[in-house]
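Next come two complexes built around chain A: one with chain B, the other with chain C.
This part shows the complex of A and B:
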């Protein structure tokens, strides 16, 4: 599936500033990056801004991240509550700012979407997948988005249709595609399997 | 595109001496029809019959993209080049019939950008003239930094200043002006894309400075057409066509194939686009890779060649063409 995102490993890059957005276990990708930076870690931290939120599975390494001592550290309860801050940071930023995203696919996809809307190509953002594999799924029928999907199929949290969770991914929506699984034989819904944890 | 690709028959409507080195040519369709539309940054290949030598040189379109009444190009005379610019300067007169290719854009504006920062050196101004016209009608933000040798040779500086005011920044080499690139790049708002067109040294300076300042690769765009270099004549065997051809000292391999009626693909004819990439069947000798297209590994492997600008020295070169 060509649209299935591929994630990498965060690496420090030269830049005028460094913006990190992470959730849950993504904190450890940031901690590892500063470990790798070695002697340069302190000068990097002076220009770093970290926005962090707990993962969908409840993992919260906020205290360890805060202890890094970045120029700015901000903890939010959720991406929705962090988003206005992220958009403001991007609106005020200059070229040279490096963007690092780590944690769940849902968090990285939504933050990446804001960076793309700010004018950068999607490949200009570094990403590293850590922690939960739960998915953000858009129902192609009612267009509603269901967060933290664990099973396949799932019941759309908006219209109630049973959806097959595809690998087909949309960067614009920051979501995987969910398609009605029993459209041709209503009621013939396979048992849900836990595919994402 | 290739030798057999469709062309547009045009009439030279106007030849204007812009300054002692640059002339502007305007082409209109001989059949009176409108020209095909193009986007800012596009180029055309102009076909010339220079006393029996067929020349096909790429030139950026500098007219307004929505203006379908004709195309304009500006050509800088290169007295030591292979002769295409000299032919245009000395032989081409208003009323002459010529052939041009369809427009191709290898240097288009990235519409995702929130702002377009343009850096031009000398005749590298031409693609930006059509891009700025396009941005003006679409409402995009831009600023241009244009470096020229001196006021006399600064093509279109007055016209651009009159059109775009303080969005145009001029630098005159002989007055000691220099673009403060570090400062310029550091002050750009997030979402700005950078474009550079000019001499080779300027492009690599802008690219490396932007890279060091943390500009992502996808936000930096450049265009440089290479003129095919002159060199020693050499012989090439074409496996598919079952022909053996000799490439003259001032001829490119692509031109030699075309002269032998071999239908070889091309677009830019300047080592940039990749269209003419050809497999090497056998190479006993050294390929002079002059293109911007192949990777360093591909160049080292001697399994590919770009016939538009690259040459060969050695005993045998067999191509899959």
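This part shows the complex of A and C:
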């Protein structure tokens, strides 16, 4: 599906500062990046700010990230709790800030949205998908977002409709689209299958 | 040449009806006896007198009722009209294009008087008399795009052009064939077309984008799209799918002629002068199957198109579950005679 973003691999780049936002297994993409940086790693760390939260599957590599010794390290219990800090950092950003996002699609999508809203150039952002493939899904009917969706169909956590999870993805909403699966034949809901882990 | 505007509804009791004149000028979209996606764009130049191509923006007998329906949709869901902050200038461009076109093409209904930036707009069918300052939002009751598209049949989207791409960043969308402006706003050309089957592989969107990036001011183009709808419901939105989806289960061989409608979109594309954005009006025309088959060529051709269309397209357009009933009903009107090329009635 052409509306889905394409993710890459984090690579150290020269910059005036380095902001990392990651969840779950995304921590390992950051650890790998510093490995790649070799002799440059320590000067990079002096200008690095890492914001990390556990993944939706519970994976928590916070201790290993903290041990890197970045200038700033912050662990949040969730993206929602990290968001005000992220927005402040983006608002204070200087020219040349490099941004590295790693982990689940939901985390990267939401962080990227804040980056775009802050008016930073998209060329400054790198992404790497690691870990869980659970989805953020927007119910097209009630507009509510259901987090960490594992199955298809799902029940909307807001209005309760049974939703088919499309591959159509909105970067603005950082969410996939959910459409009522039994609209034409109310009550005929197929069994949920685990599609995202 | 006064025209009576129909008193009719596009919901609940569905009193929408095409007059004999409206049936005769219906924009039947199939050029030949089969259908596949293509770029199929041609210059939007004035067509034959009385046709839907004669004016820049066709105003027909459904005008007043369609605008009333739009107001109801917007009252229920204001998210059907959105404009990202940088799109306001494109909204003014669109307002100017529509006002100038309508005042020129229908002087008995619309007037536009300009004294510098002091404009005076008269819309007689809707009883509107508005003095305002062009490019000053505070002088209109809505933003410029919303103001003028509450007075214009069809959906409208505005595309910003940058980075060699088009970005759908404003729109008035209340008569849509099952897509959500609220979900798609902000997407690039390939992103918002992502769910369409086959066309990406056929290279249709690559070619269309290349073409549109070069679209010139003053040289609009047009194309058709189509789908099928049960009952004359303009608002077949994904938002309201739980409300209209069950109607698809009502179709039986007995009611096909009365309740199935061919839904045709006359899509035009216009480069806008100040913003360099592209305006994309999507004008929806509905015709009941019973009325459509009164033109023998159309009955024959629609039968062949629906019979032979690939299953994934029928699924995407939402009529696979009823296809057999539709084809069987239409087959009564297909004697196997050859049809002439082109969409005009024989």
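Throughout what follows, the second predicted complex is superposed on the first by the 193 of 197 C-alpha atoms of A that agree within 3 Å, B and C clash if a C-alpha of one lies under 4 Å from a C-alpha of the other, contacts with A are read in each partner's own complex, and residues count from 1 in each chain.
Methods note: contacts are C-beta pairs under 8 Å (C-beta built on N, C-alpha and C of every residue); 3 or more make two chains touch, one makes a residue touch a chain.
Everything numeric in this text was worked out from a predicted model, so none of it was measured.
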Which superposed partner A:193 touches (first chain B, second chain C, both, neither): neither
Chain B versus chain C as contact partner of A:80, first or second or both or neither: neither
Partner chain(s) touched by A:118 [first = chain B, second = chain C, both, neither]: first
Which of chain B and chain C A:98 touches, first, second, both or neither: first
Touching partner for A:2 - first (chain B), second (chain C), both, neither: second
First, second, both or neither for A:71, with chain B first and chain C second: neither
Touching partner for A:15 - first (chain B), second (chain C), both, neither: first
Chain B/chain C common contact set on chain A: none
Residue ranges of chain A touching chain B (in the complex, touch as defined): 13-16, 90-98, 116, 118-121, 123-124
List of chain A residues in touch with chain C within their complex: 1-4, 138, 140-141, 143, 161, 166-173, 177, 179-180, 183-186
Residues of chain B defined as touching chain A within the complex: 110, 112-115, 185-194, 212-219
Chain A partner contacts - residues on chain C that touch it in the complex: 79, 180, 182-187, 190-195, 200, 238-242, 245-246, 248-249, 321
